[in-house]
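Two complexes come next, and they have one chain in common, subunit A, joined by subunit B in the first and subunit C in the second.
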Partner chain A sequence: MKEGFRQSMAWLHTWSGLLVGWVLFMVFATGTSAYFRDEISHWMKPELHTAHAASQATPAQAAGQAVRFLEREATGSTRWNIGLPSDREPDVRVTWTRPQPPGTPRQRPLAVQLDPATGERLAAPRATRGGDFFYRMHFDLHYMPALWARWIVGFCAMFMLVAIVSGIVTHRRIFSDFFTFRPRKGQRSWLDAHNATAVLALPYHLMITYTGLVTLMFMYMPWGAQTVYQGDQKTFFAEAFPNAAGSAPQKAAGRPAALVPLGPLVEQAQARWQGAAASRVVVTFPRDANAAVTVYRDAQSSLSSNQASVVFNGTTGQLLETRGEAVPAASETRGVFVGLHMGHFAGPVLRWLFFLSGLAGCVMVATGLLMWAVKERQKYAKALAKGGRIGFGLRLVDGLNLGAIAGLPLAMASFFWANRLIPVTTADRPAAEIAAFFTVWGAATVAGIAWPARRMWQVQLALGGLLFAAVPVLNPLTGGAGLITAGAAGHWSLVGFDATCLLLGAALLASAWWLGRRKPAARAGTAPRSAQAARPAQPAAPAPHPHPAGEPGLSPARHTLAAAAAEGSSP
Partner chain B sequence: MTARSPSHPADGATRSRIRLPLLWSDAARCRWAVASRALAAIVGGYVLSALCSTALAMWLPLARAEAVITGTLASFAIYAGAVMWVFAARSAGRAWAGIAVPAAVLGAALWLVVRGAAQGAAS
Partner chain C sequence: MSAVHLTLALSSCVAAFSALGLAMDRHYEDSYGRGKAPSSGLRRALRLVGTGGLLLSLWACLAAAGTAQGWVFWFGVMTLSALSVVLVLSYAPGRVTRVLQGGVVLAVVCAGWVVVG
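After this line comes the complex of A and B, so read on.
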């Protein structure tokens, strides 16, 4: 190549990042929110905010209470799953399969949240997907088969990996550039912001992208297993993940037998793990002679996603098997990769660090996308000055940038509002919340493509900012525990949610304000121009511009070239 | 990143920004070269990394499940490396050769071994 290695890598970086940048922005944003998936779900069920204020119980006590509930309510079930309380999830979550005649389609297990101390049902919360919606969208998208979605997300993640590695190669002065920020210099500032957020959290970006691919690697890259095991995936998974198969009885004996008390089993398992907490108990064939009890170790106590567990005989309490204590090297490496991606091991401080790194990733993707638009616009400076138009590609990128970067936060905030404003009795309520999310996002994107102007950026950022910033007001008004109530009761996850929304809202409002402020300053420094400034203020509704084909109100003859470049529709 | 025309990568092609729809104008040649490299990177890179991961799975001296996991874990790094090779190579032809030759060698070796094993099992 005539132009040298670094230049060709810069080209690769630009295009691999741009082509899938909008999907990557969504994946980063939803994935970042998923670090607080449980907390978001909890916030979205205001009925539970005050329910367990005083209830505290050890995992062993909670397991005993859950059994009392299940023996009463889940008769005939072949599998109980008891989620034990933790710092992040103070309730007990029990699910159980319902007895059903063979051959009928599998029914979803029933799920109930219990008070850990009394074992009584908590107030039934509203139906919502909660934080699981963003978590699922992170890799399953929505309104399409999960399999396609995972291939699409994996394809984009591979582009991301290439963009990161080629970006590093491109970067000659990676260290000194990190300390460079040249504000209010148009393209330079975007470049500096892009570099800072990318380099600041570089190990995180690289880790999260690669480990993301690893979470689904047997789907993306099944060829090694296919060849070695001659198409017998089942044997492969049984050998690679012996934990999953297990040696507990696979059939009920048909003879009733009393279930051994679970509390002592949980304590015995925790003692084996040097005091690491148990997070989950599964009982198969409860009250049958073949009952088995599996106690799972809390994910927070290990980096790896290979969860250790202990299996007991369910009638005698005899220890049958321990799993996941000596995992072979490659399997454990994969487990650690997956564990790093999920971040279940992370305590509060590390979790917040991951969250901030994820936000840095969003900013990195956003600034990269915007930089392309700013640069591309420079090429049209001459044409614009003569009254010409920008190309189709730039127009499309401008619109998509708007819809993704400004529209997605707006839609996410709307999701939280929908959670509180859609009546509790609405049929298929979770779907209604999700429809609200996509309606707002779709409208924002259509409006952005129809009218990709600075004013539109301001409108959407400000709207998103207002909705986010008002969440702490909305919360107590619609039945939740607000900042003061939750703070007084020590519900830090609720306080954290409201405070984070407030900060995100403030950041979005600040960027909307900054966009409006920058213009006069730029104007003073260059030739007089009218541009958007002279245009009558647009209504604050995201209505398409009356001249969709023309560029938003540019009266280009009065633009200088530099101004046209610096001042396009990209902020 | 350096500021340069994004319509690049260019097998020595001009960086002309004339947008002629003609098939063999300089700009169009440049686009064909980009398309060819993109194909080599996305499809060729995937095939090569799949073959490498299979070869590792077959021939690493580990328990077979361990070898499969190791090969699969490494595949995405190989893929990324292949993509970077394709866009760093001096010409599209070299880019293709750098993917196709190792893929052909690995593919042939794997085919022989797998077929040999199948025949060994049959006889």
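After this line comes the complex of A and C, so read on.
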């Protein structure tokens, strides 16, 4: 077989992309939503919508108030964790471990949300996983051990990297097609859309795929550390991530002692960081002689995920240790990669830019998957014209495309609806919400495989669109603060959630309408044009042969990816 | 990122990509009619505006968000601007020149604001 380098790359791109495309679409969609993980969680707890939109207290004041609550409610606990208020999270979130007899299984720490100004409990929100569900699913999937899931996602991410690099090689007209999108030209349009969303957000795609692999690099490639540390993982992690371990006392002294006021310690730490805010305070062995207070710096002040912290003696207030200020270069490199992936540093504008790039990634994966089906279908054009059938592979791909691309948004919207419609008193409510998500997704996929037709695309896209678009109506009807109420109160995270759902819903409905617009009669279409002939000056010419994926017996256009690239490159 | 810096970064980037698009035969034809091509002087000027606009946008990002975040910002701004320009070039090719002009004016005003204020 004598094939050119570019042809082999086109082959590699096609098959590496198709093999893992459906998982990648899910990973992109859930990961994109995770940029607004806190905001989604907040929306999913309508009981908290009436709380203040912005914190009414400084981090130092809030820490002081939280301690008063914990001294009252968390007696006997060995570890308090105080999440301080920020722009994104105006409440104080305290968690504490419960005292438990040795030998019993570890219990989850208790968690309560407090008003930062008074230190009193906010209304108890409903039980939900909130945005954490999508965040976890992004790399842990669900209903399976996290370890397997991470191997699966890592495998797919590696293929994604292969697909990106081979895609760049295959696409030889990156610059001359930089701004090109030719609508209403069948397969050509799918290719253009795939190229535009891939090339124009390429820095993001490369960054997010590579750094995603880096986040779990010690799992995927443990050999270096294993060799140097001779299998002693614990020491390795303690040395690589000094934040995790630490020199604070590891045991209670057993002698009671008063805890120093936390406010001044928070202020001292913030002064050390040139005014960067503190985000979290951890108190170990509170009210014991061995108490220690660790203040963590807010993630917004640095790209790196290596979070700086300061450790104080909990009874004298004496500074014991500073961490994360002089991090070794290798660790900082990894820290910046991981930090870039998570985007914790991003303020609102940058967060939206990340979100948009993530959406571009979803479109890129979706158009890539659809294009495979559109091209494959052409091979059956003659057979179909004679009343034949399409092959098993194409049918399967069509079905999976439907389940992934149309079914996932439908399931995500259903998750938000389930959050509001499942009674608050339901036992194990978070699991019920998640079950609703997977039931809808599973049903959509089964329906897609059973009947992979254009009508099914329309039904699922329209359903998902309706559910999303109606979220702003559902929200105020089920106890949340709606667009107007939240807008008046300056509660922008809630406004943003409702508005984004509305826009996503509109986009899905528009796609459903767009699919229904064309008549099958248009299929007779015109003869294929070469890339050159099709190119010049027909901006508004109504193309007579529109045909998105899913239509039986499509497009006469004959370009394959490689052929189109080769053709286009002639002068 | 202040609102002025963000507007400057976005407007100069949109203007830059519009200019770079117009400097290409295909998009110039879409915009001005079949067979029309920009003169070599115009083409050079458009490319100059394009390069200058991208650099101005980078400067705005770095000045507003610092070196580390500034670069991340710039890539995000470029992605958003380029996707918008693609939509204009595909669905309203006749308006590209208007977008270019508007972008330049807005960028100059914002740049003046940043430098003076």
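Observations
Simple rule for what comes next: the second predicted complex is superposed on the first by the 516 of 571 C-alpha atoms of A that agree within 3 Å, B and C clash if a C-alpha of one lies under 4 Å from a C-alpha of the other, contacts with A are read in each partner's own complex, and residues count from 1 in each chain.
The criterion applied here is as follows: contacts are C-beta pairs under 8 Å (C-beta built on N, C-alpha and C of every residue); 3 or more make two chains touch, one makes a residue touch a chain.
Computed from a predicted structure; not experimentally measured.
Because the two structures share subunit A, they can be overlaid on it, and in that overlay subunit B and subunit C fit beside each other without clashing.
Look at A:V349: by the touch rule set out above, it reaches subunit C but stays clear of subunit B. In the superposed pair of complexes, A:K375 makes contact with subunit B only, with no contact to subunit C.
When both complexes are overlaid on chain A, the residue A:A427 reaches neither subunit B nor subunit C. Once chain A of one complex is fitted onto chain A of the other, the partner contacts of A:T333 are limited to subunit B, with no touch recorded for subunit C. By the touch criterion defined above, A:F5 lies against subunit B but remains apart from subunit C after alignment on the C-alpha atoms of chain A.
In the superposed model, more residues of subunit A are touched by B than by the other of subunit B and subunit C.
Of the two partner chains placed by the overlay, only subunit B lies in contact with A:E239; subunit C stays clear of it.
Once both structures are overlaid on their shared chain A, subunit B and subunit C have a minimum Cα-Cα separation of 20 Å.
Those residues of subunit A that touch subunit C in the complex are listed here as 176, 178-183, 196-197, 200-201, 203-204, 302-303, 340, 345-347, 349-350, 353-354, 356-357, 360, 535-537, 539.
For subunit B in complex with subunit A, the residues that touch the partner chain are 1-4, 6, 8-12, 17, 49-51, 53-54, 56-58, 62-73, 75-77, 79-80, 83-84, 87-91, 110, 114. Against subunit A, the residues of subunit C that register as touching in their complex are 1, 6, 17, 20-21, 24, 26-27, 29-30, 33-35, 65, 68-69, 72-73, 75-80, 82-83, 85-87, 89-91, 93. Subunit A makes touch with subunit B in their complex at residues 1-3, 5-16, 158, 161-162, 165-167, 169-170, 191, 210, 213-214, 217-218, 220-221, 223-229, 236, 239-240, 328-331, 333-334, 337, 372, 375-376, 379.
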